[in-house]
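Residue numbering begins at 1 within each chain, and the chains themselves are lettered A, B, C and D in the order written.
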Amino acid sequence: MNLNNLKFHQKLVPENYLKLALEAQKCKEIQVKELLEKRKLPDIGWPDELIEQVIQQLAALDNNNFEHKIGLGEREARIISKLVNRRNYGFGHGIGRSGDLLEAQPKAVGSTILAQLSNALVLDLMRLQGIKSVKCCFIVPMATGMTLTLCLLSLKKQRPTAKYVLWSRIDQKSCFKSITTAGLIPIIIDTIRRNEQSGLFTDLKKFEEKLLSINHEEILCIMSTTSCFGPRNCDDIINLAILSAKFNIPHVVNNAYGLQSTYLTHQLEQANNAGRLDLFIQSTDKNLMVPVGGAIVAGFQESSVHHVAQTYSGRASSSQSLDVLITLLSLGKIGYQNLVKERKTNFAYLQKQLEEFAEKYNCRIIKAKGNPISLALELKRLPTEEATKLGSMLFTRGISGTRIVTKACNKIVDGFEFIDWGSHENNLDCAYLTAAVSIGLQLSEIDAFIQKLQQCWQDIEKKTRK
Amino acid sequence: MNLNNLKFHQKLVPENYLKLALEAQKCKEIQVKELLEKRKLPDIGWPDELIEQVIQQLAALDNNNFEHKIGLGEREARIISKLVNRRNYGFGHGIGRSGDLLEAQPKAVGSTILAQLSNALVLDLMRLQGIKSVKCCFIVPMATGMTLTLCLLSLKKQRPTAKYVLWSRIDQKSCFKSITTAGLIPIIIDTIRRNEQSGLFTDLKKFEEKLLSINHEEILCIMSTTSCFGPRNCDDIINLAILSAKFNIPHVVNNAYGLQSTYLTHQLEQANNAGRLDLFIQSTDKNLMVPVGGAIVAGFQESSVHHVAQTYSGRASSSQSLDVLITLLSLGKIGYQNLVKERKTNFAYLQKQLEEFAEKYNCRIIKAKGNPISLALELKRLPTEEATKLGSMLFTRGISGTRIVTKACNKIVDGFEFIDWGSHENNLDCAYLTAAVSIGLQLSEIDAFIQKLQQCWQDIEKKTRK
Amino acid sequence: MNLNNLKFHQKLVPENYLKLALEAQKCKEIQVKELLEKRKLPDIGWPDELIEQVIQQLAALDNNNFEHKIGLGEREARIISKLVNRRNYGFGHGIGRSGDLLEAQPKAVGSTILAQLSNALVLDLMRLQGIKSVKCCFIVPMATGMTLTLCLLSLKKQRPTAKYVLWSRIDQKSCFKSITTAGLIPIIIDTIRRNEQSGLFTDLKKFEEKLLSINHEEILCIMSTTSCFGPRNCDDIINLAILSAKFNIPHVVNNAYGLQSTYLTHQLEQANNAGRLDLFIQSTDKNLMVPVGGAIVAGFQESSVHHVAQTYSGRASSSQSLDVLITLLSLGKIGYQNLVKERKTNFAYLQKQLEEFAEKYNCRIIKAKGNPISLALELKRLPTEEATKLGSMLFTRGISGTRIVTKACNKIVDGFEFIDWGSHENNLDCAYLTAAVSIGLQLSEIDAFIQKLQQCWQDIEKKTRK
Amino acid sequence: MNLNNLKFHQKLVPENYLKLALEAQKCKEIQVKELLEKRKLPDIGWPDELIEQVIQQLAALDNNNFEHKIGLGEREARIISKLVNRRNYGFGHGIGRSGDLLEAQPKAVGSTILAQLSNALVLDLMRLQGIKSVKCCFIVPMATGMTLTLCLLSLKKQRPTAKYVLWSRIDQKSCFKSITTAGLIPIIIDTIRRNEQSGLFTDLKKFEEKLLSINHEEILCIMSTTSCFGPRNCDDIINLAILSAKFNIPHVVNNAYGLQSTYLTHQLEQANNAGRLDLFIQSTDKNLMVPVGGAIVAGFQESSVHHVAQTYSGRASSSQSLDVLITLLSLGKIGYQNLVKERKTNFAYLQKQLEEFAEKYNCRIIKAKGNPISLALELKRLPTEEATKLGSMLFTRGISGTRIVTKACNKIVDGFEFIDWGSHENNLDCAYLTAAVSIGLQLSEIDAFIQKLQQCWQDIEKKTRK
């Protein structure tokens, strides 16, 4: 519907007034036109009203929103609750078709465009963030864990005899479970320290040993991780990519919240240049500030990404694509880049604050240069019990997201035992606390955190002394 | 927040007026109290305002909505777009934890309640629909196809040596792909005819043969289907359950849109009574009239259902649970049951209309008594080409959901060839058209369909005659 | 903005799919086109989505919603709260200009169209309801009372020496106050009874006496009322119009909730045919089911209506026009007419129920044939105190809108004393209860009312007996 | 409804998680409690979610939103359109009762609180802005013009023999029309210049002359204006107040957009201290950034303000109160004060920019020290025609709000002739342009304005030269 082409009854408004007002609409029309023709992020974010207008017009293209729909099938996207319909803007058909998550639905033209457009804008964003060579990506309406599983299942279809995944240890449950859920067997390669001060690194030697000792046809892939809790560093994905290429084994990277950091995105770009990197996966909520529930599968070759989309069985929710599309249009390039810069500054600020804290209270920050997001504060002077207590004190005071890692906390996940669970290694020295600076964190939160950390610390010290 | 406990300044309103108004709120409070204490569907649907109030108060329990949140983690459910925040009511944390889709999240109390409450109401609804013995169920934020895959992966974890799925053929892609995606090998058992008039049935004999001939440890499960396109009947899940029990092989039922039909739900109940039925899966969109994107995993034993939840790696979107919760509260028991009854009446009406049509135009309805949702109209007199054309004519005239199945349309899916794809059998006689009466279909749509069918038919006949 | 004219990137959706979807939008476009060209009510109500789309596109035509607005004035319709902006769809400029409520605003083209379009649709509705000769009308964003004042002030500008309003008594405060607020002096002409059974009528003789005895230049107008509490009848506006014409005195009719009744609208039409009727005023909330706050000024000559619009000083809220526009588009002709019919049936039903009640409890309904909306039930057997008590019992039981009129309840309003306030006459016989059947009342409310009335009645009788 | 008092089923969420989440709600509850008990502006603005929660709970107190409402009256606030209901949060009863705009409605407890609370917060804001002695105020759902009329009608009720309003000329139509609409006769007292450089001032001498020469009983009031277009200054309301007191004549001040300027609010406070100031009226849209449609009547004595409320006949829209309430809660004290400060800075910025412009293009700014909002730029070198053209050029370039005042533009309004309409005086020297810096203006708008002004100026100069 377009007011421009209409003849307004003269009694409604004088023609010269109307003319000026219609002209003022043109810049909006150009913005929409460019979006649909070029499929690129706008430089400047759009106002909510314009975003909603586009969304509503897209939704109107789905059959369930046609005025004279006649649906004789088992799934016609009838939405019975007005509230549900409103919050979904009338989108009901989901995305993809039974054979392929990227296929167009004839009776859901709007949903199809919604999905493809979101994917295109995310691709643009990835390049903006420094992954210049990325070729293809798509949003999967499953969080990172299940999306990793999907990627592994896609590889499994192509390498049916493979059963092992060479996995650089990171003590995050869903990442590990993504392997076992796919019916595969993880070969866990613990991270190692180079020295006391620099955090944990990928054990490249062990990787090479395993690649040499196991039948290649039985290895599904190497699985590495970029973004992680300090003091673990980003895996050495460049050298892992070189190994991948050398042994001709697929390489999957869990880039969970790495898209927000240009340090990590450049690692991905360089890894691809240096060797082999088949697929990298990132969360939509952690990088794009939308609700949990989506992930992005990306790669440097169309075919490998498409194969993942074709592995997905059935249609899927369009809710995640919708949240991403709205958010990206609302931020624009400049908006996102500002968030990225702000995060970097905030990280430096937290580091400085924690260093001051460490000096004052006689503890230590571990400088893991390959981790631009999460910091670890060693709690050498606190016994395990007190360290644990510190964690729960912080939580009851409204601080979420920090973690306390303590010694001798072993754990069995899906039959595999992890010594010192949480530490990504087998010989944890002493307890530590991690804190992360993610996109969207406010400076005032850091100040409040440091203040509460001091209070809790002092309380614990007081009690310990008695 | 509660106005009841507040002391209003006397200048705002006279006390006696206020007292009466506050008393009138009590029935709402009782409804909410009962919901949260008993976790049962209300008899009568709630007004939208009350639903939104409850949803908003639940959302306020999540940490990201606390007034003084301090988030130092990599995922704090920051939602940057106001539009996205509004449409998600502020829910950002998703559901589940990395280890288990049913686990509570300490920093997302509202989301946790949202998920558990939705699951409880769906359980209540299932019992209401006649599956009295169902013990446990939960909403998965993936559509039916991927959810079937998840169930198979869950069984695979328990039966690591198994690799085959005995599958009663149904020509619906995502159902079939759910097997290959899980890295498993389907053993396809074509449906058979008993006579010309009664549609297609499960080939029980072939199932038994396979169960006898294949090593049990290599069989993951039997997979059958209830709701399907006519003239295929609901699988004989009662006898399949008996076979399952006899051979001690898991039995998974794809009940995609079967929850809406009491005929099909009673099949499930009886199958469980007679033999073994481990898991049955249904779509939320097709049965509950919400947007595509969710499925319900249910079972007659807590442990088997829980195992599926534990197989899911990572957290997941709460969007589907939210849509289901809003819809169920909005409908109430009576509302849903009315929809179910109406659907049944509509089905009878379509059947009658099509029978009249068949008589008039000299064709035939195939009476598949075990299919209470979808009807097949044989197009004996139309050559394949014309039949195909009829399908596209209907679609361009705004009719969606009908399917034309024609002879000699073979298809290869994931390396498996299907003769006469769409027909669920290997010796399709002649083309036919299917039409389904789903929950939510309006009577007026049936009339419009019949009218347009006649027009198209006449057009085709005219051209054929020339 | 219009998707039709855009070239979608081919990767977004296949062209043939898109083409069908865009074609399906045409019927909506035609509806909008017809609305803006013909300014008539649609036959069938529009879906909410389409209404919102049109509203949003109109709002986009106001300067404050331009993307590059530069406002250097004292009023630029900046709306600072997102919530306020959203609920007003971005409309901020109000309607009218300082000189005239019907004038177009150059910097608020959308608001101007909104106002004019609402007025046009209301005019169409009035004709539909039987006031065929109505020439002009407009929505005033003030309720009926102040709008009556505005009409009187408009007449006063034209008849500066006039100071009296000949007013057929109706005991409704805001109607009476509309005269004193305008700085005018009411001459109160009590209604009279013809016989015990037929209610209260206009005292035409007294009107004529006054018209003969007072200097014409000092009489501003005759003011009469159509819709009223039973057992008062609609004023005899036909004969008052004849007197008006004869004495060349303006005639203003308070048609507060009369637009919903075709009986009353036909009185208006006939009055105009028979004599003089300058302006008639009706409430938007009571007739169109929108929130309180608007009224409609209408007349049979453009000039008299325009003069009222020109009397209004300054701009005014567009909120009422917006509510009316949304409501009328949502109902359509058929929707409104159905409500009108239903009301009529409901009235007959209430009458029947009350007659049965009257028979059972030995009291009496007063048959005022000239009142199609409100009924009076005589409470002969209840002493004043008990009658009053009955009223408050009903209210505390959730019944609103009924009134109890008792004897000897005199009242002074703005210095004028009314004997038996509430009864429209000076010699009230006995207490009575009134109940009205308005547009939108549900049949179930009538049943609940009768049931509660019986309970209360029995309770009172019980106590009285003791 | 309150989650705190409920017993959640244990399966919904672990008790310890719930406890922490419920505790986090307390600060919100305290905020609401304080608001309703103290009726003061919060220091810090509330988040939208909390505002909506309170609004919804208030709306639930109105009878039309009761679950078991039985409405037998002619006005039961039935809102038939879901869209209309949603945008009004279910408020339908309006505010006030037929006798008094400040009276409580028994069947609209929520609306009553809404109105009274908004009034209380506005009172608090006025004091915050420096009018320490203000006693009472209320929001009228009519814009400034009609509200001035209402105030005059209220005075007229108290002084029935009065007919003249002594009015310090300001060339703004609705202000002048407010007098004639009330049926009163304006006595126009032109503003005067003290010298060329300082703008226009109140002609106090002429006021005193009139007060001495006209029978006091025939003078209704003095009417003065604070906020106005430059180079007119704020009226000398302090000395007018002294005259008012001396002659015992009411004094009404049109403070249209003066609440946003602490300079003007202090004039009001001092005028009251020095003499007599009965009522002052200000616009809600211009001072509080809500849509057009409301005004605030305020005074230093309860009785005079109450009398205005009692003069209003009938109920009125609650829409304006709702917009104001939402906006004030959203801003909080600090938010509003920041806007006020920012406006002051912006004004200084515009002045500086225009002075630079004036120097460059050889024209002049008139320094009216008593006008803190609007500036005048003399266009001495431009002939009338070119000046007019400049105005329209600016408008077509998206600049709204500036005015061009030219010589010899006489106008007749309601029979009164104004020489040099727009200039507030009878001997305009040369054309000038006015520009105002209102609350909410962005600095970037000033820059854009100056840039476009230069372009237009140069264009005109170029053409003039040829």
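Everything below uses one rule, namely that contacts are C-beta pairs under 8 Å (C-beta built on N, C-alpha and C of every residue); 3 or more make two chains touch, one makes a residue touch a chain.
Molecules present, by chain and UniProt name: A, B, C, D = O-phosphoseryl-tRNA(Sec) selenium transferase.
None of these values were measured; they are calculated from a predicted model.
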Of A-C and B-C, the pair joined by more C-beta contact pairs is A-C
Looking at Cα centroids only, farthest away from chain D lies chain B
Classification of the chain C:chain D interface as same or different, half of numbers criterion: same
Per the C-alpha centroid definition, the whole-Å distance linking chain B and chain C comes out as 49
Any idea how many Å lie between the Cα centroids of chain C and chain D? 29
Between chain A and chain C, tell me the centre distance in angstrom, where each centre is the average of that chain's C-alpha atoms. 57
Note: chain C residues in touch with at least two other chains are 20, 24, 52, 63, 66, 68, 82, 106, 395, 398
With chains as vertices and touches as edges, which is it: line, ring, star, complete or other? complete
Would you mind writing out the residues of chain D in touch with chain C in their complex? 48, 51-52, 63, 66, 68-84, 87-89, 91-94, 97-99, 106-107, 141-146, 148-149, 153, 156-157, 160, 172-175, 177-178, 180-183, 227, 229, 256-257, 283, 285-286, 289-294, 311-320, 323, 326-327, 330-331, 339, 373-374, 395, 398-403, 413-414, 435-441, 445-446, 448-449, 452
Which stretch or stretches of chain A touch chain D in the complex? 20, 24, 82, 395-396, 398
Going by the contact rule set out above, which residues of chain B touch chain D in the complex? 1-9, 11-14, 17-18, 20-22, 24-25, 27-29, 32-33, 36-39, 47, 49, 52-54, 56-63, 65-68, 90, 104, 106, 109-110, 112-113, 116-117, 120
